[in-house]
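The structures come next, written out as structure tokens.
Two complexes are shown next, each including chain A; its partner changes from chain B in the first to chain C in the second.
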Partner chain A sequence: MSQIPSDTGSSTRSRSRVLVSLSLLFLLAMYIAPLYVGVYSASLFRDAMLFGLMALGLDYLWGKTGVLSFGHATFFGAGAYGAAIISTQFGMDPSYGAWLGLLGGILFSCLIAFIVGYFLIFGGVRGSYFTIVTLALGVISVHVVLTFSEYTGGDAGLLGVPPLSFPTVDGFRPLSQLGQYWFVMTTVCAVTCGMWWLCSGRYGALLKSIEDNEQRAQALGHNTSLHLLIVFVGSAVIAALGGALYASSVGVVATDSVNLILSTQAIIFVAIGGRGTLFGPVLATVCVIWLEQEVSSINVQLWPLFMGLLFILAVFVFPDGVLKRAEALFSMIRPVSGPGGRA
Partner chain B sequence: MLDVEKLKAGYGMLPVLHDVSLSLEKGETLVLLGRNGVGKTTLLKSLIGINKPTSGSIRLNGTEVTGWAPNRLAKAGVAYVPQGRGIFPKLTVEENLLVGLRSRADGRKTVPEEVLDMFPILRERLSQFGGTLSGGQQQILALARALCGDPELFLLDEPSEGIQPSIVQQIGELLVTVNRNTNLTVLLVEQNLELARRAASRCLVMEKGRISGNLSKSDLNDERKVFQALAL
Partner chain C sequence: MTTILPMFLNAMTLVSILMLVGLGLAVIYGLMGVINMSHGDFITIGAFSLALIQSFGGSFWLALLLAPLIGALIGFLIERSIIQFLYKRPLATIMATWGLSLIMQQSLQLIFGAAPQRVYSPITTSVEVLGVNYPAYRLVMIAMAIAIMVAAYLFIRKTRFGLDMRTVIQNPEMADALGIDTKRVFAIAFSIGAGLAAAAGVLLAPLTVVIAQMGINYLARSFFVVIVGGAGSVPGVVAGSAFVGGTETLLNYAIPATLAQALVLVLAIIVVRFRPSGLVPG
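Moving on, here comes the complex of A and B:
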């Protein structure tokens, strides 16, 4: 009998070794991809990864605590507009203006999330009521952007957001297209891994217990409202980081980075990638956006149809997300037997 | 250690408790008997702060704690095991216990050995999901999780509900042991007379939102007196 557990342990270990090496290979491929696929495709992947950060932020909130925000584009947009306005409207030297914009965009989004989150969460608003209020937040933010058009550029958006600069031998130089790709890639990887590490231990268990039954977690001594507020603000900060980096790498911010379609897409990315898996939503975002490009290049009208189809698939075929499904398939190839094999 | 005076509570406009007063001495096990719907669970929920009392006062070791939030009461040493176990099915046994550590005063971050020693069945199943345990094991997990918070006052809501008799007996023994070893004060809501008799140091009877009678430990063994008190 004593043989079985040790066997299972070694097979789990070899399984995770395969998974880790596969992920590393994939990462390496992503890092060298722009050298082969060209700058245009690379910039596409870069933007997709930044939307992936928004999905990651939403997953931290929705996947880990079960609280669904239907206005996460607001935080992405607040980051993007914050960064764009600060770096273009105050006549600052772009070498540090871009960095100040990045910081300012994140802080701006953080502030909105704190104010909205404080009153909602400590006011006891939960479940679908919370979702509806955040939906309203998304609608309001579009109106705000259109109303204050002298700062936001209104429908036309803001142009000429400077890219981030780094010190080189001959002073501050803005990042090249390739440099931006690698910088974004590294940031997204670091944030995703960081969030995964954060949510893997006791803290993850706590969040799951709040999702399961907030009242019980509270009766065990946890200040659940405070935890939810921290998660809400944290998820807004991650989305804003994506938005601010998006502004500085694309150079343009328009209403499509705050509107309702983007909020809906964020939810779809998380649903397809697998709620609560953190890595899944980021991967799903990149894949879906790549698919969008391919499909739209055949016929622009096809994409909404595909999007709907994907969502139906997500609900019926892989309700736990593609990542979980892939994991299940992977286990079929390399089965893990016995009680030690926890998926 | 716990003094409840003229407590009124209810759900929305509907009053359930009418001027409930009771007090617990440190280290005793008070059993609250009563039929369905007389307000036993509402009383426990008011004591842990899930239901806000509409009037009256609750004092814990002399401190006024009426209207405190559950997390604050938990840190003050009150542990609550709800009816129907209330474990987290999606967390493992170990994670369930870890989540229970928050209300400890010493800030400990690992499951105390003495809790696992008390419940050897849990030690064998630490990595199993809570939802896969049997009803009785879930009840034991709920008790262990509450003990992980190192409480002073234990509020237990019908731990015998839907559990096979042998486990009910075990739970009864456990309560007596825990009560003796750690000088824990217990307020036990029960409908199972056997468990009440085993654990109680005295007993109150509730009826229609009021305390209607009390029974001493010896009264509990007298079937006539019990039936009379419960108006059966």
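Moving on, here comes the complex of A and C:
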């Protein structure tokens, strides 16, 4: 594929064009969804989009630099618990308490990521060691949540996290269900597009070079450890934004927003959506969570089996995501003339 | 003495379990470089084999003989069907074995139910050790674990297969050229690792709650046993499990158990950061 640069270039372009147009179509459907299926059912999409932010964060790290984190729910959970604790435990007025919680949750997660990331990345921990250490990080965070149950609510979790408030004509008012839904949609879209724009140019190429050969990127004068740290913290911030918004829109935070299952689900979202595509993982999150609902409604016990199967399929059948595999199949049954046909 | 000795023996109980689990992983991860996220589930398979054999009236000792074979067989099938295609793709191995782990856990739960399985300890008496009463089973377990460790060490060091294995690990291409069947060596090594974890599961079962998710508790810890100790040597596994098991047991006396487990992992991460090749570099 690499022999004819123009060929791969246009194929990538057409692929990303397909992805962007798919995303736009999907987005439109998501925006008007509550008007059709009702606000309650739409809250499923809202939560899925917030998990999508976690997947986006992980994709920024794993997809762009090749560093796999096996404990990304730590950052989602830090955001969620940070927001919940700050907004419920200090007796603040919910109109600004919710916002402070959002900010605090993100900062908290950012701090953890900075300390852990600085310690590991500048210590030269890479590859599978990094994955195992982040697995331990996920285990540690669950233990910490369970230990400090007076603040975190332990197994029962924290209730009564206030929704975000916005100024209206009669003072600060909490968002309605529908308002919350649209606020979340807009935020997720803005962040996803922002990340895509950020990674589409020179910066994306730089990250790619670090993924391909860190030593060579170093030799070219890039401070690769610093770049990796920035990506790690950035990906934690994105995941924490998802977590903090999740806390304020659902109103409840429990250990399922920090546990190992969620961390590994994030990996599946990215793997199915297509590593490094940014839009793909967000789309995949919504699809997989919808699938989870459907499968679980048949039998709750079936879903973990499906998840396991998805992992194995992701490795053997679609290592570059479902869309690319579908595209490859499509071009196999339909002979394509012109550039892009060999993809 | 009356307070220190039980503390020491409790530590030895955890250390000996971690030693067996870690030894299995040291073969799979330390030597072969396969990050096997389903390693903890072979402990579960061992414990469930014990429950099944005892429910048919079989003895504990029969289970201790059969369970490693069951674990090794399942390990062999998994290596042949999935892992052998992924030796060049470490991240893919992580994902595939994690998927396997989910499937194994959920299948066990679907077949046997979510309630804890009933297992019986073969020895229920306690004996007096230097003036302290201590459960005899735990002492036997520690002895068994040490015996298995010694046997594994001799197996790797003194047998023809152990030599083949060390050759393949040092240089697969060269080993191939010398006429060693590397595929066979990898498959057997993986099975041995799985079988060791299953043996640990049988020994552990009478001391814990036997449920389908029991193995996950040992996954992160067993990785750190291998990494902290120094990837892939028997003395390394001993050092690693002494570090992880010993620290955790001691911390348990001072702080809540969940925090102790968290703190041990934090310490382990710090050790890995400053001594990436482990306490006993190979």
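Note that the second predicted complex is superposed on the first by the 301 of 343 C-alpha atoms of A that agree within 3 Å, B and C clash if a C-alpha of one lies under 4 Å from a C-alpha of the other, contacts with A are read in each partner's own complex, and residues count from 1 in each chain.
Methods note: a contact is a pair of C-beta atoms (placed from the backbone, for glycine too) under 8 Å apart; a residue touches a chain by one contact, two chains touch by 3 or more.
Keep in mind it's a predicted model, so treat the numbers as computed, not measured.
S.K.: Determine, under the contact definition given at the top, whether A:119 touches first (chain B), second (chain C), both, or neither.
M.R.: In the superposition, A:119 contacts chain C only.
S.K.: One more residue to check, A:220. First (chain B), second (chain C), both or neither?
M.R.: In the superposition, A:220 contacts chain B only.
S.K.: Of the two partner chains, chain B (first) and chain C (second), which one does A:200 touch, if any: first, second, both, or neither?
M.R.: After superposition on chain A, A:200 lies in contact with neither partner.
S.K.: Pick one for A:296: touches chain B only (first), chain C only (second), both, or neither.
M.R.: neither
S.K.: Determine, under the contact definition given at the top, whether A:21 touches first (chain B), second (chain C), both, or neither.
M.R.: neither
S.K.: Just checking: does A:212 make contact with chain B only, chain C only, both, or neither of them? Give me first, second, both or neither.
M.R.: In the superposition, A:212 contacts chain B only.
S.K.: Looking only at contacts as defined up top, I'd like to know whether chain B or chain C touches more of chain A.
M.R.: C
S.K.: Identify the partner contact of A:186: answer first if only chain B is touched, second if only chain C is, both if each is, neither if none is.
M.R.: Once the two structures are laid over each other on A, A:186 reaches no partner at all.
S.K.: Quick one: in the complex, what on chain C touches chain A?
M.R.: Against chain A, chain C makes touches at 35, 82, 85-86, 89-92, 94-96, 98-103, 105-107, 109-110, 216, 219-220, 223-224, 227, 256, 258-259, 261-262, 265-266, 268-269, 272-274, 276.
S.K.: Name, in rising order, each residue of chain A that touches chain C in their complex.
M.R.: Listed in rising order, the residues are 68, 70, 119-120, 123-125, 127-129, 131-133, 135-137, 139-140, 143-144, 146-147, 260, 264, 267, 271, 301, 304-305, 307-312, 314-316, 319.
S.K.: Give every residue of chain A touching chain B within the complex, in rising order.
M.R.: Residues 202, 205-206, 208-209, 211-213, 215-224, 339-340, 342 of chain A touch chain B in their complex.
S.K.: Quick one: which bits of chain B touch chain A in the complex? Just the residue numbers, please.
M.R.: The touching residues are 48-50, 69-71, 74-75, 79-80, 82, 86, 88-91, 95-96, 98-100, 102-103, 109, 127-128, 145-146, 149.
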